[in-house]
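Okay, handing you the structure first.
Order as written gives the chain letters A, B, C and D; numbering starts at 1 within each chain.
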Amino acid sequence: MSPLSKRCVAEAVGTAILLAAVVGSGIMGTRLASGNVAIALLANSIATGGVLFCLIAAFGPISGAHFNPAVTVCDALQGGMRWRDVPPYVAAQIAGAIAGTAVANVMFGLPAFFPSHRVRAGGPLWLGEFVATFGLLAVIWGCVRFKNGLVPFAVAGYIVGAYWFTSSTSFANPAVTIARSLTDTFAGIRPADVPGFVAAQMLGGVAATALFAWLVPISKATAEAVLLPHRLPSESG
Amino acid sequence: MSPLSKRCVAEAVGTAILLAAVVGSGIMGTRLASGNVAIALLANSIATGGVLFCLIAAFGPISGAHFNPAVTVCDALQGGMRWRDVPPYVAAQIAGAIAGTAVANVMFGLPAFFPSHRVRAGGPLWLGEFVATFGLLAVIWGCVRFKNGLVPFAVAGYIVGAYWFTSSTSFANPAVTIARSLTDTFAGIRPADVPGFVAAQMLGGVAATALFAWLVPISKATAEAVLLPHRLPSESG
Amino acid sequence: MSPLSKRCVAEAVGTAILLAAVVGSGIMGTRLASGNVAIALLANSIATGGVLFCLIAAFGPISGAHFNPAVTVCDALQGGMRWRDVPPYVAAQIAGAIAGTAVANVMFGLPAFFPSHRVRAGGPLWLGEFVATFGLLAVIWGCVRFKNGLVPFAVAGYIVGAYWFTSSTSFANPAVTIARSLTDTFAGIRPADVPGFVAAQMLGGVAATALFAWLVPISKATAEAVLLPHRLPSESG
Amino acid sequence: MSPLSKRCVAEAVGTAILLAAVVGSGIMGTRLASGNVAIALLANSIATGGVLFCLIAAFGPISGAHFNPAVTVCDALQGGMRWRDVPPYVAAQIAGAIAGTAVANVMFGLPAFFPSHRVRAGGPLWLGEFVATFGLLAVIWGCVRFKNGLVPFAVAGYIVGAYWFTSSTSFANPAVTIARSLTDTFAGIRPADVPGFVAAQMLGGVAATALFAWLVPISKATAEAVLLPHRLPSESG
């Protein structure tokens, strides 16, 4: 396994590129779509899916490519990683997410940070985030349990769909949610609405993890090998 | 093989997420597309394809990821699963589909159930459903017979296409058809039109199954192993 | 290897579904796109790519999933299949293509056959077909030579792109070209323009085949095994 | 390994088809999109991604499928290829790119070459190219280091996303940048703006290469085998 410092850098860099993609494609989509929000969201969802795929493919073997505190916490819950690694992972994810948002804003000639005024709150949207994160974690555990090699495809496919089928456009990620409060563009969320989203996400993630603990039980002893298969080439030779 | 209870829960949860995706992305697409139905259907088809992919990848090893009574019945027809498992599978699929529709409706601030008024009937559309389900089953049997690992990709690719090339927008699934009668939104179908669609689907599925029984014959003895490769990690170690 | 009769049925059924997809999604796209041709072509290209993928995945192990006389002839040219199998393959492809066009027309409430009036001719478009088929065959030979398992992904990706980057919207297939002359819809081509397209396609295919014969030489003895790897499960057990 | 002459022809042909796709789909998209630039860019990005995928799949085993001087130089930097092979690779890439642009222009009835007047310059766009190429090389090294077979998927997914999330629409390739200065269409860039883009690209590529040299160190001795796995079938048998 890669040392913790390298795994955290991988999480930070990956999450930064992810946020640059989410925020940047939202800005580009809005600028070009002549007011048709569906076309902007189509661009936003396809761009996010494409980038998510390649980031998981590239960084997965190093850090597991969580990029998401909900994934990290739920992975620890079922014995997939040590609890003491959780805080540095989450810190790296949040720091990377904030940096990536700044990069997107600056690339498009905007201030690095300017808080969003977009209201995203209320029961239907919180249900949306619960469903979005429940589905995301269910998909991840399903693929990871059977080591089918399809995680990057499945997560990307899921997120492209979830941008459309959840009323909240599927943030499904606390680090992403925090970072998106710092851009007053297409992808933004009002800072005051962040806690509600994060709470719904964590509930959804834990529910999916509990479901899979029953559906496909896994012993603590083998959890780490099965759940976070990261290995460096220098270790295998 | 996973116990029947777990397989049925997997079928129900997967079908629920599928319906949430089909119905939810239809609602979102319609709301955002400024009246351009092609853009709404583009979003609806891409979202459905993405979600179908990840659900098959995640639940396939548990239950076979049928999510579709036509698949389950045709699988039993050729010896791929026991007939006595068919009723619980189909019940789980229908229950899950109805629940997923309710989730989509509620996520978007609509009543959990409100019957559709969208007319979908007549020879051309029934031909559409026959063709849609014929093609779907042909694709599944082709991939499964040769165990090429491409089922999730192939089914997703097929459905994205079939939403566009069949005049009925390819329901191709009796459980989906029943559930879509309970939402008066983009994806809806008038309850009175459900039986015609279901009949055409079953005919199409049986026709494709018969074609492959001739094209690539398979003995009853090996059918189960070839057709429904589900295995739990705890069984292999 | 599967008997010739089954391989030809596979070619016919596959090409029929392909044409239903090409013609049907063109009709649906035009009807829904409110006059924005780019949106119609986006739907048409994505639907074609999705269906092409799943057909190659499902029928490839049976017949090679050519669905295209240019592929069949070029495969024979380099020793990948016997010349005496070429005429039945091509006949099956053309018959399937015509049947599939009729299915699409009837699904949408149109006459089974009604000749197109869409003019597609002239140097730039013929260059388009040359380039389209050159690229298609180059992609196929590149993937097949190294048996990388990526043919269905590569062909689908190529065609989605080629619909857009060639001025002729990439027919790249003589059977498809003939069949598309029988529908006066989005995908149509005037019957008088078919020969020019077919000639350009064959030239492009032969050029790509010659290029790969030099780039990655292959002995006649091993050509069949390398180029058309079809095998039935009953043969391997 | 294939002889240098064949590898260079593969690089030239592949880069030519890539540029035909980038430039051609831009022209088609603009012509059909009724002034909605987002739809044109959607077509342009999806077409580029599809073609990039299949070219990497088809030509990767021959030449590595760089199609990009930034990739070639960075590969040499970390010992993945010999420095003396770099100039012929880069020359082939630039020549192919220019030829492909001409093919696209002529296919659409335009002059083979006519310089672009599209201004693309300034800090935000240069940051865009830095980010675009940093991300591209990070994705490539991540996938290649672990030999996961996902390079064609990851590069295609990345570029589809990067067209949208970088303010410069992600040229990320010096040969592509030079060639796109020769077409005054959607994909064009003013010749005077080429050097700024190329400089930003090289900086981004080197930064990503340095990051991965630290993240996943690789010895010079094994670099060539790991980084450019090209092999001909005639060599293995």
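In this text, contacts are C-beta pairs under 8 Å (C-beta built on N, C-alpha and C of every residue); 3 or more make two chains touch, one makes a residue touch a chain.
Note that this is a predicted model, so its numbers are computed, not measured.
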Chain A turns onto chain D (C-alpha superposition, degrees, nearest 5) by 90
If you average the Cα atoms per chain, which one ends up farthest from chain A? C
Residue numbers at the chain C-chain D contact, same meaning over half shared and different meaning under half, come out as different
Between chain B and chain C, what is the separation of their C-alpha centroids in Å? 27
Centroid spacing, where centroids are CA-atom means, of chain A and chain C in whole angstrom: 39
Give me the residue numbers in chain B that touch at least two other chains, ranges are fine. 36, 39, 42, 46, 49, 153, 156
Hey, which residues of chain C end up touching chain D in the complex? 35-39, 41-42, 45-46, 49, 124-125, 127-128, 131, 135, 138-143, 145-146, 148, 150, 153-168, 211, 214-218, 222, 226
Spell out the part of chain D that touches chain C in their complex, as residue ranges. 2, 6, 9-10, 13, 17, 20-25, 28-29, 32-34, 36, 39-40, 42-44, 46-51, 53-55, 57-59, 61-62, 103-104, 106-109, 152-153, 156, 231-234, 237
